[in-house]
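Look at the two complexes coming up: subunit A is in both, with subunit B in one and subunit C in the other.
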Partner chain A sequence: MIFWILKTAWRQKLSLLASMAGVTSALILVIALDAIFLGESNKIVNYPKHMQPDIWVMQKGVKNMHMATTFLSEWVEDEVQAVAGVKRATPILYINSMMAVKGRELFSYIVGLTREAKRAGPWSVSAGKSMPDRGEVLVPQTLEKLFGLELGDAVNIAEKTFTVAGFTHDTFSMANTVVFIQKSDLEDILKTGGFISYLLVDIEAGEKVDVVTERIRKEVRKVSVLSHQEFINNDFKMAMMMGVELVSFMSMIGTALASLIIAFTGYTLVARNRKEIAIAKSMGFRNSDIYLAIIIQTMLVVVISLTASFIFCVIAIPLIETAAPQISMQLSAEMVGRIASVAIISGVLASLIPAYLTVNVEPVNAMRV
Partner chain B sequence: MFLLSVRQLLLNPFKSMLTMLALSAVIATMLILGAFEKGLYRQVDQLLADRRAEVFVTQKGISNFVAVRSSLRQSSRREIEAIKGVRQAYPVTTMPIIHGQSGVMMPVNMLVFDNYGGPAVIVQGNPIRDSRDIVVDLSIARKFAIKPGDPFTVFGHDFNVAGITQGAASFMTPYVFVSYDGLLDFIFASEIVPDILLFPLVSFLLVDLESSADAETVVASINESVAGMQAFTRAQLAKNDKRMIDDMLGAVLSLLVAISYVIGVLVVSLIIYVDVRSRAMSFAVLKALGFDFMKLVQSVLFQLLIMLAISFPVGLIAAVAVAGMIESMAPLYLLPVTDPGLLLTTAVACGIFSLLSAFCPLWLIRKTSPDLAFRMQQ
Partner chain C sequence: MKKPVVLKAEGLTKTFGQGETKVCAVRGIDIELSKGEITLIMGPSGSGKTTFVSMLGTLLRPTSGSIVVDGKEITELPESKMPEIRAKNIGFIFQSFNLLDALTVEENIVFPARVMPGGVKKAKDRADVLIDRFSLSHRRKALPGYLSGGEKQRVAIARALINRPSIVLADEPTGNLDSRSGQEVLMALYDLSRDENCAVLVVSHDPRVEEMVDRIMWLEDGKLADRKETYHEWAVDPVCKMRVDTLTTDHKVTLDNGMTYYFCSIRCQQRFISEKKGDDTQ
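Then we have the complex of A and B:
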């Protein structure tokens, strides 16, 4: 029976191909949504991920960077520096704000650096300076591709105009573009001085992160102290939190759509072979054989469509990212497993409809023209 | 030919139903994806409309209301109220905070107001009565199972949830509302910042105009005569916020909508292809009876149009149901699937991809030979 159904499917290559195209496109929608969400969430944590200090110190109550506001007095830097086991504490001043680039507004992480804070600056520079001077800004290279921005061009942050002095790599994100300016410039924008936002703490060799973290917590008042891993986890969780319900709903809709197409495909493939199936029934094949054969036929469509959709995405993602550099997409093994299991389960459920209709056909009725 | 198409659909009602269900699902998907984009824009309009001001004043260089830090000097209110046509200017402050509860974190905007510009509607509980009170959006209340009377902790400072408002969200971020007294208590009691000046105490001014004043004229007067500030009409500010959303999410949303359109073309092509293949004998008979190629194409097109005419309202009903479910479970999102512009765009897209898909089986119809009818009868 299974061999027969596979042979029948092969005989209807074009129909099968058309069905697979429908299922593949629905699965591509689900994968694209997930890939965009994961890609963007990873981009959002790019700055802390690349900085990789051992410990982060920030305002009490704050636990991450994305969408956060934190201020500490500058003297906290000295207090942290004085804690045993701390090798270096690098301050940054930071706000989320809009940057106007050639008439477009970009939501940005504005990182204000002191002259000595190269450690907290860009991790990869493609052109121009690696540290900004007064009135200068280092921006992602993606803006060069997106808006034709060049070195020496002007951009605005609040009411201040900055000159583009350098292009950085891997700092662009739809939700949070990382730009670097001098701390004193950011103080001008904030109309205040004497404050920092985060301290990036590196510890002495041989010291343990949890021990030094505890020491800072004990010795420095009114601050939040987190290990790098805790901080990154919180930031990633926060990034994933935004829009997670929507992506889940959209994925469900995409999956439901794929299931319907699978059911339709299964039904049309089976409906065409009603007579043959009726003959098989009259020859004594059991209902379970017919169920199994139809489920296997549908699984064939689902598995090939799944493979095709993932191959398509693997090929298309770099092309999309080149054509639209503001889009960041990423596939993961967890995503592949999750989408594949959902598609296979919904495929099995969807194939039960045509299977049920088929096993309930009376051979005599099916043979009527 | 029209009658033939109708009869063809009635011949196998289950198959026709399943086909139309698949089409409806495609249409519903297109509508929901499009509605997400429309919803983001509508929330911008609603957020600004709920502040009940025709003119907004921001820090110079700041041209948005959402997702920005704007800081105005303390004297700004007096300066704006001196402008001809301004009846009164009301300060509001916005501040991003991160609310965490039971291990779940959510970015929230805190909007501080004096006696104007607060929550537009209270769906549960009471408005703000004292400095401990806070009003939260329904999306936060649902997410964290918050009721009026519950505490709402911000940086270790406990507010009391006085009421729950609805529709106070923009750009996937909900709002909570506190009074200026509440803000001062929060800053001093929480001891979280080293200096009160770090908080922008006035972010925006909501300008109430005299009845005879023209918003555009007042905006022009403010921009000409007041330094360090910038005025916008509500429509201008909304346009700027929408443009920012478009700059950030436009490419992604377009990509997703494009994928849904491709699905539409593929599904309709699949349906037509399968249908024409299964009717090869009918076409052969019709050809043998003298029907020409164009007549047969017409019958396929009629059948497709009938299916679309039924599937579109069904898809719309499904989209309304799904959107209602999403909005009820996650009120942070607004999905206006019945937006006339969206319906029109989707209907036009359906028409276009149906026409494109109709080309798919033409060669099948053309190659169907009339003698097939006689061969199959043998």
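Then we have the complex of A and C:
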């Protein structure tokens, strides 16, 4: 029966190819959305990921950076610095705000750096300065490509004008753009002083992160102390949570579309070949033989479409990122496994309709001319 | 000696619908089919022939009555047991051939063997024999779309025989064929009843079928009646090679040398005469 189903499907190549193209397109949509989501989520945590301190210290109750607000008194820096095992504590002042670039507004991480805090600044500079002076800002190089921004141009952050003094690499995402200004400029924007947001703590060689973390917790009051890994995990989780509903919804639409096409493929196979199924039944084939063959055909469509869609994405993603630098996309093994599982389960569920039709094909139909 | 009965039906009845829309297609039919015997069922359109054959072939459940196939009462068996009986005991030949379009001649012939123990591998030798027997060797790899009507029906007969069924049910097997192909198919059915020792039940309107069967039954208004056997003396039409009953044909020619030739139609007779004249002129 499987042999017959496969030969029949092969004989109806055009409709088979159309179904595969439909399922592949729907799966590409799902993969692309997931890849954008993962890529963007990773970009969102790019700043803390590249800073890589051993420990993060912030206002009590705060556990991450994305969409977070944290203020610590400046003297906390001295308290942390005094803890045994701490080699260096680098302060940054930080807010989430909008940056206006040539009439466009971008949601941004505004990182205020002290003159001594080079360690918390950009990790890769493509042009201009690596530390901003007063009234200067370092922005992602992607803005140069997107808006034709040049060194010396003006941008606005919270109605304060800054001059672009440097371009940085790997600091742009659609959800947030990391820009660097002087801490004093950020204090002007906030109309306050004497505060910091985070302390990036590096520990002495030979010390253990968890031991030093515990010491800071004991010795410095009203602060949140997390290892870098915990901090990154929290931030990534938060980034995922921010978009997960939208992306899940879009993925569901894509998956439903793929399921519908798979079901339609199975449905047309059975509907078109009702007479032949009746003939097979008149010769002793069971419903289970026929249904198994339909599932195998469906699975074949799903597996080929899945493979084609992943191959397409692997080829297309670098091209898309080159053509549209504002888009970050990333594939992962977990994503491949998840989408493949969902597609296969959808395929099996989508086969229920053809299965129902198969059961209802009476063998006596073979007698009809 | 009485031939062994392979199919026995008693009081077979089939009704469709209920209440005022109730239609009785088959009414209490009794029939026995024996090995090596060909039975013809004739009757007007709508007399219930196809319904009757469908019930005998386990494709349709009777409303009442019993069917015994190879000594096994099958009427009360659950639906799940029916595929096995269809596969092992019954071979179908349909009017519209019912070949599977995507499969070649050889694949179509072995198709029913896929549900049998041993599958296609075991049926390979049998398929080779049937392909040779029905002169299909040169069409072995052809798809049904490229076959003539006669070839298609020969493939269908070979397919019906692949699992060595004890019963072959043929529903209007010559209905879609020209006279020559129809004659070939009838001869094949006749041969298989004798050589394969099958019980063959043919449903047909084709009067030529009457000439080769052992028993004719008449179905009308869902009821069956026997018809008397007819005696035949067969000859072969020298033009189209069809079998002709010498006792009933109106087309015959006796030559000067005393040889008499019989023809299936006036067309063959005229052609024979014109060819003879041509030969004499030369």
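Basically, the second predicted complex is superposed on the first by the 363 of 369 C-alpha atoms of A that agree within 3 Å, B and C clash if a C-alpha of one lies under 4 Å from a C-alpha of the other, contacts with A are read in each partner's own complex, and residues count from 1 in each chain.
To be clear about the criterion, a residue touches a chain if its C-beta (ideal position, glycine included) is under 8 Å from a C-beta of that chain, and two chains touch if they have at least 3 such contacts.
Just so it is clear, the structure is predicted and the values come from calculations on it, not from any experiment.
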Room on subunit A for both subunit B and subunit C (clash or fit): fit
Touched subunit A residues, subunit B compared with subunit C: B
Partner chain(s) touched by A:A68 [first = subunit B, second = subunit C, both, neither]: first
Touching partner for A:I261 - first (subunit B), second (subunit C), both, neither: first
Partner chain(s) touched by A:F107 [first = subunit B, second = subunit C, both, neither]: first
Subunit B versus subunit C as contact partner of A:A205, first or second or both or neither: neither
Which superposed partner A:W10 touches (first subunit B, second subunit C, both, neither): second
Partner chain(s) touched by A:L319 [first = subunit B, second = subunit C, both, neither]: neither
Touching partner for A:A333 - first (subunit B), second (subunit C), both, neither: neither
Lowest C-alpha to C-alpha distance for subunit C against subunit B (Å): 7
Interfacial residue positions of subunit A with respect to subunit C in the complex: 1, 3-4, 7-8, 10-11, 275-276, 279-286, 289, 362-364, 366-367, 369
Subunit A-touching residues of subunit C, taken from the complex the two chains share: 50, 53-54, 57, 59-60, 80, 83-88, 92, 94-96, 98, 100-103, 107, 111-112, 114-115, 171, 175
Interface residues, subunit B side, partner subunit A - complex: 12, 14-15, 18-19, 21-22, 25-26, 28-29, 32-33, 36, 59-64, 67-69, 71, 95-98, 100, 104-107, 155-156, 172-173, 190-195, 197-198, 228, 240, 243-244, 247-249, 251-252, 255-256, 259-260, 262-263, 266-267, 269-271, 273-274, 277-278, 322, 326, 329-330, 332-333
In the complex, subunit A residues that touch subunit B: 14-15, 18-19, 21-22, 25-26, 28-29, 32-33, 36, 59-64, 66-69, 71-73, 95-98, 100, 104-107, 156-160, 174-175, 190-192, 194-195, 222, 234, 237-238, 241-243, 245-246, 249-250, 253-254, 256-257, 260-261, 263-265, 267-268, 271-272, 320, 324, 326-327, 357
